[in-house]
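A short worksheet on the structure shown next.
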Amino acid sequence: MTAARNRRICFPITSRAYYGRSQLLIKKLHQHPSIQLELMLGGSILLDKYSRHVADDIKEGGFTISASLFNVIEGGNHVAMAKTACLTALEVTNTLYTADPDVVVICGDRFEQLAIAMAAAYLNKTIAHIEGGDLTGSIDESVRHAITKLAHIHFVTNDDARRRVLAMGENPNYVFNTGSLDVERAACVDADITTEQLSGYGVGHDVDVSKPFLTVIQHPVTTENSNRQHLETTFRALAALEMPIVWFWPNPDAGTGEMAETLRHFREHHEAATERMRFITNVPADQFIALLKRTACVVGNSSAGIKECSFLGTPVVDVGGRQQGRLSAENVLRSGYDTNELRTAVKQQLAHGRYAPSHIYFKPNASQAMVDVLTSVDLYTQKRFHEGS
Amino acid sequence: MTAARNRRICFPITSRAYYGRSQLLIKKLHQHPSIQLELMLGGSILLDKYSRHVADDIKEGGFTISASLFNVIEGGNHVAMAKTACLTALEVTNTLYTADPDVVVICGDRFEQLAIAMAAAYLNKTIAHIEGGDLTGSIDESVRHAITKLAHIHFVTNDDARRRVLAMGENPNYVFNTGSLDVERAACVDADITTEQLSGYGVGHDVDVSKPFLTVIQHPVTTENSNRQHLETTFRALAALEMPIVWFWPNPDAGTGEMAETLRHFREHHEAATERMRFITNVPADQFIALLKRTACVVGNSSAGIKECSFLGTPVVDVGGRQQGRLSAENVLRSGYDTNELRTAVKQQLAHGRYAPSHIYFKPNASQAMVDVLTSVDLYTQKRFHEGS
Amino acid sequence: MTAARNRRICFPITSRAYYGRSQLLIKKLHQHPSIQLELMLGGSILLDKYSRHVADDIKEGGFTISASLFNVIEGGNHVAMAKTACLTALEVTNTLYTADPDVVVICGDRFEQLAIAMAAAYLNKTIAHIEGGDLTGSIDESVRHAITKLAHIHFVTNDDARRRVLAMGENPNYVFNTGSLDVERAACVDADITTEQLSGYGVGHDVDVSKPFLTVIQHPVTTENSNRQHLETTFRALAALEMPIVWFWPNPDAGTGEMAETLRHFREHHEAATERMRFITNVPADQFIALLKRTACVVGNSSAGIKECSFLGTPVVDVGGRQQGRLSAENVLRSGYDTNELRTAVKQQLAHGRYAPSHIYFKPNASQAMVDVLTSVDLYTQKRFHEGS
Amino acid sequence: MTAARNRRICFPITSRAYYGRSQLLIKKLHQHPSIQLELMLGGSILLDKYSRHVADDIKEGGFTISASLFNVIEGGNHVAMAKTACLTALEVTNTLYTADPDVVVICGDRFEQLAIAMAAAYLNKTIAHIEGGDLTGSIDESVRHAITKLAHIHFVTNDDARRRVLAMGENPNYVFNTGSLDVERAACVDADITTEQLSGYGVGHDVDVSKPFLTVIQHPVTTENSNRQHLETTFRALAALEMPIVWFWPNPDAGTGEMAETLRHFREHHEAATERMRFITNVPADQFIALLKRTACVVGNSSAGIKECSFLGTPVVDVGGRQQGRLSAENVLRSGYDTNELRTAVKQQLAHGRYAPSHIYFKPNASQAMVDVLTSVDLYTQKRFHEGS
């Protein structure tokens, strides 16, 4: 590794979650004297109903924002998702061509990120990928590994992931287990959230955060056709527990429309059950962590249940196939889409209470480790398959 | 495997080469009673200057053509290439959504094919990929493996490729070494080409195919910036040999503009050297094979040198990084971008003459093997990483 | 005019309103023995939250639907609107190229329709435009006349409009005052709507349709920046009247986001005022007419107030600039964005009660007249400016 | 009119011709203290084979270039032309949204310019249009007037055009007859062109500019299907005259492919006739004017024959429908697509020799007049139809 002069790094942010978990990294890159950081905003982060305020926060952060691209195509189905990705890639191409960065940072496994990686690869840019090598279900599983095969620098979060990235033929000198940005961030947060603050978000009834409550985060599984029924299963299982629930709105992936409709149907036609529930689009990133610390159990299929909650020790019931295969700590119980199984699992977690922190995804300086690599590693563009590593 | 009823298969064809090598497969799928085949035409195959007549041939073949998509963006540089891919994906999404196939067949490693695979993946289609697992240089190397990670059924052409596809986590039950379609096809062709026929293509001087002549096929390497110099090197090395040359125009990838300009410059400013040369965009697929059989040596970086010529026993000098790492038979000598090295290698091949046929890429019924799989294999969409296979 | 054999007509439908008002024409074209009709669906008509059920109805109608294009880009602002139009045009180009119609029918003045007209013009298709020559405010004013200058056959709804279309240089032999499809349709409907039916749509409180109630339809004015305040003005003016109100959600044009948010704010923070209100996305076309017949007064800026209500005799208070300049009958009072002026105007209309039917937009067989032209007129593509007509 | 502070003006340039004729205006805007000028480059101006060097010149001119958009889709047919326009509009939307200009300047009647005007209109920008109100054939006729109906400020080049723009309902206070930029520029040029310089461009044989020669500029007429035959007619008519000819390559509009192929066919199969011809893509703008001054007669359908040549007094034979209806001076003879008629017209012009300069398109300070308006006129966005003006 040699010291590099002023590297231009382009960091596309297409969802609230990516911004939340990448904040430490973004700030460190922004402040680094030999890095010129440009953010590109696209996807749901620019939309009021998801996370417009996050985009506004970012704009106030003093960052250089090279583009704000409205490219979410309405429909909430597979064709809208596919076209959103393609349109994103088309627009990002122009922006990357103009910005001409040395490195493009791609996060995780959302569908737009593969599209951006493809555009960056065709433009002959060096691609750094965060969170490769993990296993999950949904289309994310394919997308994540396809990004790995386009990327040049890999920041993985655990040793299993590193092993898989190497098996896929990546150069061991460019695969770094830095731990998870999400978990580093969760470990740093000491904010709390009050009942009043929580009641300022979303719609529905107040949930008293000083008493036991559940948190539900169930996103569409794009490779399944029964997202509606799966959500109903969760609803039925939990309604019978008669506990207060903070219920997060699903992500804008294929299937989101029918899930949102189902939630609205619950509110109108199951008033008794929903009068203990609050439905929330999102809360600021720090308060989200605070919520995870306070909740009695997280139910659903969010990666936060697997990753952040492993370190926080929050009990989790992971439902269905979305996180299937993902490395998890003791705090996670798995459940199929079955009312009884799910309810039993939640009861078991409530009986157990909080877990000891796990470090499977945690290293204390994940973001700094990434900055160190990004400023010093030799950049290359021509990939070669490494066998037998 | 169970017998499947009427499967709808969508086969996007974006270049002359893909059509040439896939003809046997396409015809067998078209004629199969339990397959409904739809072709989609896009990319350079619709353009006069590359291969419009191929598109016309296809139309006369009685196939169902669900879309003819003009989507090549002019420029011949990286940004045009990236945008072509993105626009292709955007348009293909609509077409695939309407056609609603059970399987989408993706060929090889051209940049538009990854874009199509991405669109198909987001639409939750089963993807069959032909020719995964090979190693090469250029952006093709990244693209090929990224397609593998989006695909569900893999038709590889050799055992090394199979090993790599498995290492990348694919399900062994869905990775089939069927041999190469290109080579199966080369083995079937018994057409010949005459001097008169050859003189009907392209511009420049007549090349007498009954006497020794060289064939040059040198495409851009998209991850390199010096395509112009590399072509000049080849020109200088070969001009000194004073042999007749059939010189093929480069593919429309990034760098094609400067290479085309360089060829035009040769013709205008090196009249003496070029008066033994004929410059050709393309010839019908059968006559192309005939040419490979007749030529004294193929020079350049085409995969035909590595694959078809391995079986045909044609001497090849493979130049530079484009085919780097690809499994090759005895008939291939490698050369860097160096005038002397290249000229020496060609002389050595001319002295050697033709080689015995190699079967490294050859199995006699590649296309039928693919048809058998496509009609009978159980289809799935949710991928899972297979470790330790 | 000569009898034409089988003409292929392509009819793009991008909003619920266009389908509602064009139903008679579409059915007649569909049934005509010498017409091959293809519908193309795009825009908001494919989206659940606006009018997905209309698209489903259309599909059940036995029509040939050559494409269903998801192309609404989220954002509810100018950039999203502009990109929606561009993306629509891009996709429509492919579809029109494949469908290869003789005539493309363009309706009205919505922004996507100009984009479609542009694509059709570049493809050298004959364009028939419905409702040219009217005057309004908003971007619609520019869009409508620009479409006129791309179109070859003009179906205008009144003599003033005909005069303007001729002044703009169109050929008098191709400008037909057929009357308005909307009004022809309104005249045909004898459906009614009950309180129970109305309560099946939208959210909020029941409105008893047997007693006097107001209907509000206020869309964004894309050339103004203060859509939120203008909506608040209407709310304040009407809330004080203490009458039941059926309030329609705004169209998805630039400004829709802040207007929708404002309506949601009313519901949450002005419970007393909104407890007499029902908020509705849409009702079936026939019941919409029934509603216009029953309501005591229509308030807002919808063209239905100017056109359908002129014939139905429904009192209307037209607010602000969106319909500025449009030919209107006695039933319309204009009001600026001023609480007092608006409230006074509504009171005046309530005091007046229903008006006698006006025929300014009405001819009894508008749709048949259009069919007659479309089947018999000589088609042309090269336009020439007609001066002095 | 009031003095305006710093106006941001965006000037999209999509062809060599627009840059050539707008140079004086662009330079004056660039140097004006209260104007911030941004150029956007797109279309053929970025492509080597048309006018890449012009783009390079522009870049060296010190202008702010807010975007360089590769968006020409290959095909040379209607669908490629339509999609190029749509893609241009899509990309321009992003760029205009980011640049946020006060005024967007739209030139002439090329198809991409309408697309840009549409995007600008939806973004609620004030649009200034240069050269509205003229009459021609081809799709340009429709496009020009459609742009007029989207534009707010009109710079027309003659009084007939002004009359038509007013008839179309534009506000007389915003329609300015400034004369033609093309002609102002032609009047300023005192450069000459030598035989040696000319021989440095294009391919074919030398043309001695000190002796009588013809200049052919025949572009596709997009609304006609017989561009190939029309070009052959011109070729046959002129070949028989046995004069040297400078023959310009056609514009990249629909039909360009078959015309280019026809020219190549002439070169290969009519060697005797073409040995007096030079085929040229383009020459620098000043030398183009010099060529028009020196040539014995311009043949074809270029607007330069009608406009620049009216002032230069160059004899012109205008062929076919492309310029049909355009105001022309004595120097222009019209001819249909007929060998004899065309040849007779050319002979008549050769016999006549040069004409006295006409001022029908000329005012001495066209560019300064535009700058004065652009810096001082009150800007508006909501259009209203002006009747009876």
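We just call them A, B, C and D in the order they show up, numbering each chain from 1.
Everything below uses one rule, namely that contacts are C-beta pairs under 8 Å (C-beta built on N, C-alpha and C of every residue); 3 or more make two chains touch, one makes a residue touch a chain.
Bear in mind that the values here come from a model prediction, so they are computed numbers and not experimental data.
Comparing mean CA positions across the assembly, the chain most remote from subunit C is B. Taking the mean of the C-alpha atoms as each chain's centre, subunit B and subunit C sit 52 Å apart. Here the spacing of subunit A and subunit B, counted between their Cα centres, is 38 Å. The set of subunit C residues touching two or more other chains comprises 79, 83, 87, 90, 94, 97. Viewed as a network of touching protein chains, the structure reduces to a complete graph with every chain in contact with every other.
Listing the residues of subunit A that touch subunit C in their complex gives 46-48, 70-77, 79-80, 83, 87, 257, 261. Partner subunit C is touched in their complex by these residues of subunit B: 67-69, 90-91, 94, 97-98. Looking at the complex, you find that subunit C touches subunit D at residues 78-79, 81-83, 85-87, 89-90, 93-94, 97, 111, 114-115, 118-119, 121-124, 135, 137-139, 141-143, 145-150, 164, 167-169, 222-224, 254, 321, 324-325, 381-385, 387.
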